[in-house]
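When the chains are written out, they are named A, B, C and D in that same order, and each has its own residue count from 1.
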Amino acid sequence: MLDKHGIAKRIAQELQDGWYVNLGIGIPTLVANYVPDDIAVEFQSENGILGMGNFPYEGEEDADLINAGKQTVTLKPGAVLFDSATSFAMIRGRHVQLTVLGAMEVSETGDIANWKIPGKMVKGMGGAMDLVASAENIIVAMMHTSKSGESKLLPQCSLPLTGVGCVKRIVTNLAVLEVTGEGFVLIERAPGVTVAEIEAATAGKLIVTGDIPEMNI
Amino acid sequence: MLDKHGIAKRIAQELQDGWYVNLGIGIPTLVANYVPDDIAVEFQSENGILGMGNFPYEGEEDADLINAGKQTVTLKPGAVLFDSATSFAMIRGRHVQLTVLGAMEVSETGDIANWKIPGKMVKGMGGAMDLVASAENIIVAMMHTSKSGESKLLPQCSLPLTGVGCVKRIVTNLAVLEVTGEGFVLIERAPGVTVAEIEAATAGKLIVTGDIPEMNI
Amino acid sequence: MDRIADEHRKTMNKIVNNAQEAIADIHDGMTLMLGGFGLCGIPENAIAALVKSGVKELTCISNNAGVDDFGLGLLLQQKQIKKMISSYVGENAEFERQLLNGELEVDLIPQGSLAERCRAGGAGIPAFYTPAGYGTEVGEGKEVRVFDGKPHILETALKADFAIVKAWKGDRLGNLIYKGTARNFNPPMAMAGRVTIAEVEHLVEPGELDPNYIHTPGIFVQRIFEGKDYEKRIEQRTLRTR
Amino acid sequence: MDRIADEHRKTMNKIVNNAQEAIADIHDGMTLMLGGFGLCGIPENAIAALVKSGVKELTCISNNAGVDDFGLGLLLQQKQIKKMISSYVGENAEFERQLLNGELEVDLIPQGSLAERCRAGGAGIPAFYTPAGYGTEVGEGKEVRVFDGKPHILETALKADFAIVKAWKGDRLGNLIYKGTARNFNPPMAMAGRVTIAEVEHLVEPGELDPNYIHTPGIFVQRIFEGKDYEKRIEQRTLRTR
């Protein structure tokens, strides 16, 4: 089974040379730590950065330089700053090749719910609806089940949707899955996790064809 | 009767302090020479300048600094350069208070035709359709009649339209007229021109109420 | 064009003395846009002046709602806001309390649609189609149209009685330059105010800002003043170990 | 985020050797966008390479069509253009001849709509409403909708197989800065190419361009090269007497 760093590490393997990538808050942010040295990717932060760098050293933090998670950051050489309308022009115009974000629920058909729980305080969707409606590739990074043990991979979402039919791939603590029109296709198992365990943790239709390899991370 | 410089001079009297102004090619360009010293106006050139200055001195011309008429220009202190999408955001968003442009025909209801003569080579509308559809104030600067002596102020335009019901004011070599839904309201006569002469040169409905003063230029 | 740049000619001057003067004619019930992302790039001086003015029943269009004791949170504390139009309103307990008590209305808008709707308002585009929000609550009641096989919803432009933005440098013609990610929503909102007020850290002379690198052309700005005592609070101070 | 900016990490590099290499996969029948206003800010090197390549049946989206012996006029001379999409196409006798002979199609679009349609194509906005062209030939056959009492027409986004732009400075990530009014249509078109090629007068190292003052972020650009022998012809040399 993977921890959140393991999930991030596995997602980093999906990155391709030359891609621009938007990482959501939480586990997705950790993906930045595991980019292979031999590929070039640039991180887009929707508040207006392309070429986001590391967190700053103490004393070098700048209130005028934050990422979309409101964390202080730095810029890499060749970085660019821009306004919010331009930022979402990049996103909506499909210039960002990959979006990685968390989810509360994903459906068999790629619907995603990650912004609202009825009866609870709603904080808002931020940029998530624009990102999921636009990105060519969306990878969801999440735990396979909720804290109370319920599956987050469902026949259909029970929570209000963030986007419809948009998730292409899911990486959880248990598995890598592809989202097709037919159901969740199991691609890889996390180290030490059996297909039966994944089946038990998946409420939506799981498609298992042949031998499922263990992740190589 | 006014020459083209006189028309420009009269239009300059319409300028108000604090206005941003777009001047079309031809007579309108001359308006820049007659701005009263005690009002501040800035000229917008739709190819991407705000704060356009004079023509350059010989040897100081720059191929990378032209106006919408493709003439070499200079910048005033406080000028700004921008792209074409931003430029027309200013125009369409009604941030430019006045547009002055030429016309082949204007109708009683403020329709304007100035871009196309059927059977002749069509050069295109350039920015004219955006300007006339958007500007709060549009002043047409033109000769009252064509070279062959026909009136350019008509009951309705015979040429393909550039815009509908948008012209507010017309300054010609003979008169200043306001365009209302009812017809052309005569406001001022050019020096030495009689009401009868203006009537004779106006094919559309001309409204003459009371004494019509002579222009003070 | 021989006389445009004569030296004895009057030039534009949009400078007002301070925040108080800039916001003096903002009345109860008006709609304001306020730039900023989180607490980054917010018009601190104008917000303080609004608190002091006591103006109320405001509709505030802003990506976020500040924190309890800073940014728009200060206006919330004084119950000056009737409605928030935002994309994300977390980190604010007073906000939550007012919302759950029905004292506050909230309209949540996807962040990209919010930015584009402001730009559209400023650019004279009354409406446009976007895929964001289709099939969700955001799309409910909105026209759906398919382009290239993909459903989109129609979103309309946003305008405000006053847009209030914060820039790094500006001149008396209203030309603005922002710094770092403090740019964010400020440029699209600057375009969409019937009156746009800019507060800047540094007011400079016309000509000091390079014409080629101005972010907000002065044509979009009606009033400008130099702010003071910027706190520029950091929400998440994240550091790297040496 | 401790490892993003490691020095031994591979970084992006979009540099190609020259115009010929940049345009090598532009085929007959493709749609191109070409930046520039008149002869100002046009991609001279790429146009020369297109002439040399002999590629034909092109649809060219460009505000103007050059003059007889420069700019897009060079492609017209060789009859490489099937269709022009422009706002103004005067100053070109060969253009006129081909048009009157039915050898050339022309689609004339209001300049502001042209710029906005390119931006929309790049920004993922498939269509928007504008007042420009309502009640004229341009509006014929287009959906009309009234907003705020004023009729608008629906205009759709433009995209191109290749967008070709000309900038002053650029780096290998594709970040671009333009000079003077040579900016014009280049930024909105750079956004709208499926592949965007940038030719620059000066290719510089990443970090040399201030991140705060870049006009076209590199994300919009796929190929970049340093052009040479720029003629930068002036159409109307207007001077002031001393």
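Descriptive notes on the structure:
Keep in mind that, in the parts below, a contact is a pair of C-beta atoms (placed from the backbone, for glycine too) under 8 Å apart; a residue touches a chain by one contact, two chains touch by 3 or more.
Please read all numbers here as calculations on a predicted model, not as lab measurements.
Common neighbours of subunit B and subunit D under the contact rule above are C. The chain with its C-alpha centre at the largest distance from the centre of subunit D is A. Counted by C-beta pairs in contact, the busier of A-C and B-C is A-C.
If you average the CA atoms of subunit A and of subunit C, the two centres end up 29 Å from each other. One finds 55 Å separating the Cα centroids of subunit A and subunit B. Per-chain Cα centroids separate subunit B from subunit C by 35 Å. Averaged Cα coordinates give subunit C a centre that lies 31 Å from the centre of subunit D. Multi-chain contact residues of subunit B (touching two or more other chains): 54-55, 73, 81-82, 88-89, 91-92, 134. Counting only residues that touch two or more partner chains, subunit D has 1-2, 116, 119, 123-125, 130-131, 178-180, 212, 238, 240. Every pair of chains meeting the contact definition is listed here: A-C, A-D, B-C, B-D, C-D. The touching residues of subunit C, when paired with subunit B in their complex, are 1-6, 8-13, 119, 121-125, 171-173, 175, 191, 205-207, 209, 211-212, 214, 217-220.
Every residue of subunit A that touches subunit C in the complex is listed here, in rising order: 45-49, 54-58, 61-73, 81-85, 87-89, 91-92, 111, 116, 121-130, 133-134, 160-165.
Note for the complex: subunit B touches subunit C at residues 17-18, 20, 29, 32-35, 37-40, 42-44, 50-55, 73-82, 86, 88-96, 134.
Subunit C contributes residues 1-2, 116, 120, 123-131, 145, 147-148, 152, 156, 177-180, 210, 212-213, 238, 240-241 to its touches with subunit D in the complex.
Note for the complex: subunit C touches subunit A at residues 37-41, 63, 86-90, 96, 99-100, 106, 108, 110-116, 118-119, 130-138, 168, 178-188, 215, 232-240, 242.
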